[in-house]
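Chain naming follows the written order as A, B, C and D, and within any one chain the residues start at number 1.
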Amino acid sequence: MKNSKRHYLWISLITIMTAGLLSACQQNKNSITAVGSTALQPLVEEAAYAYGNKHGVTINVQGGGSGTGLSQVAEGSVAIGDSDLFVEQKQGIPANKLVDHRVAVVGIVPVVNPGVGVKNLSMDQLRAIFAGKITNWKEVGGKNQSVLLIHRGQGSGTRFTFEQDVMGKTSVAPGQEQDSNGSVQKIVKATPGAISYLAFAYANQPGLQKLQIDHVVPTKTNVTTNEWKIWSYEHMYTNKNKHSKLTEQFLQYLQTPAVQQDLIAKLGYISIHDMKVVKDIDGNVTPLKKGLGK
Amino acid sequence: MKEKNIIIPDHEVAISTKDMAVYYGEKKALHETRLSFPKYRITALIGASGSAKSTFLRSLNRMNDKVARVTGEINFEGININSSKVNVNELRRRIGMVFQQPNPFAKSIYDNITYALKYQGIKDKQTLDQIVEESLRGAALWDEVKDNLDKSALALSGGQQQRLCIARAIAVKPEILLLDEPASALDPISTAKLEETLMKLRENYTMIMVTHNMQQAARTSDYTAFFHLGEVYEYDHTSNIFQNPQVELTLNYVEGRFG
Amino acid sequence: MDAKKVDRIAKRVIQTMVLMIVVLLVLILGYILVTGLSQTKLDFIFKISKAAQAGGGIRDQLFNSLYLLVLALLISVPLSLGAGIYLAEYAPDNWFTRMLKTLIEILSSLPSIVVGLFAYLVLVIKFQIGFSIIAGAMALTFFNLPLLTSNIENAFRNLPDSQREAGLALGLSQWKMIKGILLPRIVPSIITAVILSSGRIFGEAAALIYTSGQSAPILNYANWNPFSPDSPLNIMRPAETLAVHIWKLNSEGLTPDADAISAAASAVLIIVVLLFNISAHYFGEKLEQKLTAKR
Amino acid sequence: MENDVQKQLTSPSKATRENIRGKALTFIIASLIIVLTVAVIGFIAIKGITTFTKDGVNLWDFLTKSNWNPGSIKDGKPEVGAAPMILGSFLVTLLAAVIATPFSLAIGIYMSEYASKKTNKLLRPVLELFTGVPSVVYGFLGLVIIVPMMRTIFGGTGFGILPGAIVLFVMIFPTITSMVVDALTAVPVSYRQAALALGATQWQSIYKIVLRAATPGILTAVIFGMARAFGEALAVQMVIGNSVLMPTSLVSPTATLTSQLTSQIGNTIMGSIQNDALWSLALVLLIMSLFFNLLVKMIARKRKI
């Protein structure tokens, strides 16, 4: 008697589990997943929460890195792949299979440990520092302290943008690599002579010194006009062969004022609608006439 | 020599061996034996340590299956049970066993006795209660535990635990009860009580008992087999073994000159 | 120097080293608890986490950790029971058994990141299960399985043979004997082992980042339908656990109070692990007493 | 002619069926574990080998060169020199074991020889508690306490092998200790009594008898701890500095296999050379953990002789 009861328990448990797995195979219309860039994750997460609440649907948002996002959306295993880069800038992904949706712009600012005594650098100085040609802060008017370079990890979108917009063809000197914004923050704050770069949203921290470049202040307005030159788009890629109504609606929602004006400002991104210039894959910037097309 | 080991008692035979030998690996621990055990009698197996009497006993209900190789025949109920065709679980239900160390389950007294019964499909509460009482009475334990049947069996004293093991063994109504030095872990008072119990059980059960205690063998058993170094030297009425042994070795042993 | 003096000095040195370690451990524990609990109000346990604003909590992460733990145990306990029973009671001494034992040892020493990546590659990508609790639970099973299996095997082996004989001599099948006689006796050991391994599971992050994922969809605790995406019971939803949350706050935290929340979450984590440990010892002893019942 | 009893004795019963089912069930589960383990090893091996088979990297270059830049191609070959990571992993592991072993021995000796039962009852759970502290928390502590400490003492950035080893020491020390305690308590009391009866002091009996007898167990414990240290990812990653450079000193930033793996795997595309190279690092980790296993086995075999 006791035995058969236990059997029922097991059978029902196994049933629930298999049913759960089955239900996953035909992931229903009420749920999609967006995976990828950790830099874009907070925005998509908050938007997904707001949208999901309003429409009774679930949008799962995962980090994992731009590479993960692009791989998975190309394979069709998720609906949206978040990326800091143009898909063409990553090797190994069939770019023609994906559709680009730009949802925001991120400005990137060099940050230093406040102890170095430098608040402004010229673009050439910045380049020389990261190329390893300037190794002491006194060479750029700071204290007698050696420069400690902290890069983002290879393959990081932030690093790619920084190197494209600052270094151009010059290659960077070897240095520490940190894989996350958080580690960069902590290390630059704590280490004398450290310099690195962060997205605007991560740079507003006590103990971090943001640098001006050629006396241009790193503000959103300056990014929209390309006076501040280090910035990139945040992309959400979808797969051409996989259409879902929910995906489309969610991407449309991301272009509404609720997101583009309120949420984006709150989280420290820059609205795609405010941009007065366009940047192409190679980093060339051209002015834009009103009304950004898709 | 082997021929003289066989005695055909004037009784119906419960179980008998024919050229049964036991090997541990390559080593022959027990040489070919031919013994038959009379029904409703107590037979004692005596002999010094290492004489293979326990090995012999444990072979009778195939408890040695995993550790040793048993050759020859064991005849029970008209078939040779030393065969892979025999259902050992069924066999062991019919040939029960009580061990040297009391080994009650970590369950209540009641559950100790009913566990195997329930497994056999006896579910009726009244029947179970009745068997519990019968078995405990049979093992002379009833009066001591009847108010505490829900108590853990491990809380009983050693002597009580051993009698509980007997009660547990007879609850499944075996035909034969094998006892492997059942009193060796007990104090004299418990031993006396146990022996009393065995004498009473003789009315309904065939018992084969390994013992190191000469007095115990003399007091309780009807027949006695003397084992020495893996061979049976003598098998006869207990009185003959102790008073008039035919083999000198037996005499030396029962008089305590070695052992 | 005479031997007596050496003896005294050796004892003194050892005592000093023990004292150093105890102080170190107390400092670590104290630091985590003090920094963790002083900066945040305790009600953050019941608040949802926030991506960018201050005042986020860890409600869903805590639940995810517990739910993941339960699922991982649901998978790994029966499996390790089966394997443990096989090794202790059935396994003959042959090449298969030796291989099984070696592989279990290997499994137990695999780096968690390697297991995590394997689970990511196979479960999340190949089988398209996606980032989900169930993928995480399966990854955790890999860690739990070898530890629990050898614990259970040893527990069985430590039981006296007399118990097996008692059962078999009554005509019980070996299986029934194992299940009905031996198993109940090792329940205390199993419970202790399970609770202790729970502590380890609870703090695991490396294997979960790429399996159960790094985001926690907001849960609706009133929804008990395990197939609905916002139900806490849904095993196919991604689920950031407490340990992963701490890792993420440290690496990508956007909220102004990321440090405070991560310290507080660490404190909560340690307290939960502490509770696991205490209850493991408590239950282990209680059950042992109840079974042996020396009244 | 068979009677009923004979029939029952010779025909299968419920018990027979149960036996077959029970044995089959547990055997299947045991086989499942084999399949799982082989699958893990197989998958990682296949993924890890791709770098050498498909992308044409020379195994020797992989092990000895120190340029890690899988994206860029030099002389027709991708630059995947993993030497800094391999060296980094080995150094942190060895150093952590070197720091942890004396302390583990001290606590082990204290618990098995000097301490009262009550003290032991208190110390054991504390040790177990510390095996349960999540690695993330240790990494966090390392970052805010040890790294600044290193910086003030040695100058430089404070990141590197030494802080990594210290964090690992705290992590593996409880594991090693509890195994050492087991090894020491397994030495029979009679050994000690014999030594004491011969007039040896307690320390002599510990040093000459108990420690000798427990040596294989202690070695196993240390190797176990090293295996754990070698595979630890997140805590080390936070304090090692993560730059793929040959370490020049104990406090110069470098990388370990695990730190590189965790920090990069999300940024790479499945099937690309960058990704394959990372799987090769995972393969190195796997091989190392197999090696540690072998070592433990060898010690165990020696102990039997």
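Odds and ends about this structure:
As a working rule, a contact is a pair of C-beta atoms (placed from the backbone, for glycine too) under 8 Å apart; a residue touches a chain by one contact, two chains touch by 3 or more.
Remember, predicted model here, so these are calculated numbers, not experimental data.
With contact taken as defined at the outset, subunit B and subunit C are each touched by D.
Chains that count as touching both subunit A and subunit D, per the definition above, are C. The most central chain, judged by the distance from its Cα centroid to the centroid of all protein Cα atoms shown, is C. Greatest Cα centroid separation from subunit D: this falls to B.
Each chain gets one centre point, the mean of its Cα atoms, and the points for subunit B and subunit D are 53 Å apart.
Centroids of subunit A and subunit B (each the mean of its C-alpha atoms) stand 80 Å apart. With each centre defined as the average position of its C-alpha atoms, the distance from subunit C to subunit D rounds to 17 Å.
Centre-to-centre separation between subunit A and subunit C, using Cα means, comes to 34 Å. Among the residues of subunit C, those in touch with two or more other chains are 125, 171-173, 176, 209-210, 250. Residues of subunit B in contact with at least two other chains: 89-91, 94.
The multi-chain contact residues of subunit D, meaning those touching 2 or more other chains, are 15-16, 19, 143, 238, 262, 265-266, 270. Looking at which chains touch one another, you get A-C, A-D, B-C, B-D, C-D. For subunit D in complex with subunit C, the residues that touch the partner chain are 14-16, 18-19, 21-23, 25-30, 32-34, 36-41, 43-44, 47, 102-103, 106-107, 109-110, 114, 125-126, 128-137, 139-141, 143, 145, 170, 173, 200-204, 206-207, 224, 227-228, 230-234, 238, 258, 261-262, 265-266, 270, 279, 282, 285-286, 289-290, 292-293, 296-297.
By the touch criterion given at the top, residues 76-79, 81, 85-87, 89-91, 94 of subunit B touch subunit D in their complex.
Interface residues of subunit A facing subunit D in the complex, by the touch rule stated above, are 38, 63-68, 70-71, 75, 90-93, 148, 151, 153-156, 174-180, 183, 186-187, 190-192, 194. Contacts from subunit C toward subunit A in the complex involve residues 51-53, 74, 125, 128-132, 134, 209-210, 213-215, 217-218, 226-227, 229-230, 234-238, 248-254, 258.
On the subunit C side of its complex with subunit D, the touching residues are 3-4, 6-7, 10-11, 13-15, 17-18, 20-22, 24-25, 28, 31-32, 78-79, 82-83, 85-87, 89-91, 99-100, 102-107, 109-115, 117-118, 121-122, 125, 142, 145, 149, 171-176, 178-179, 196, 199-200, 202-206, 209-210, 243, 246-247, 250, 262-263, 266, 269-270, 273-274, 276-278, 281.
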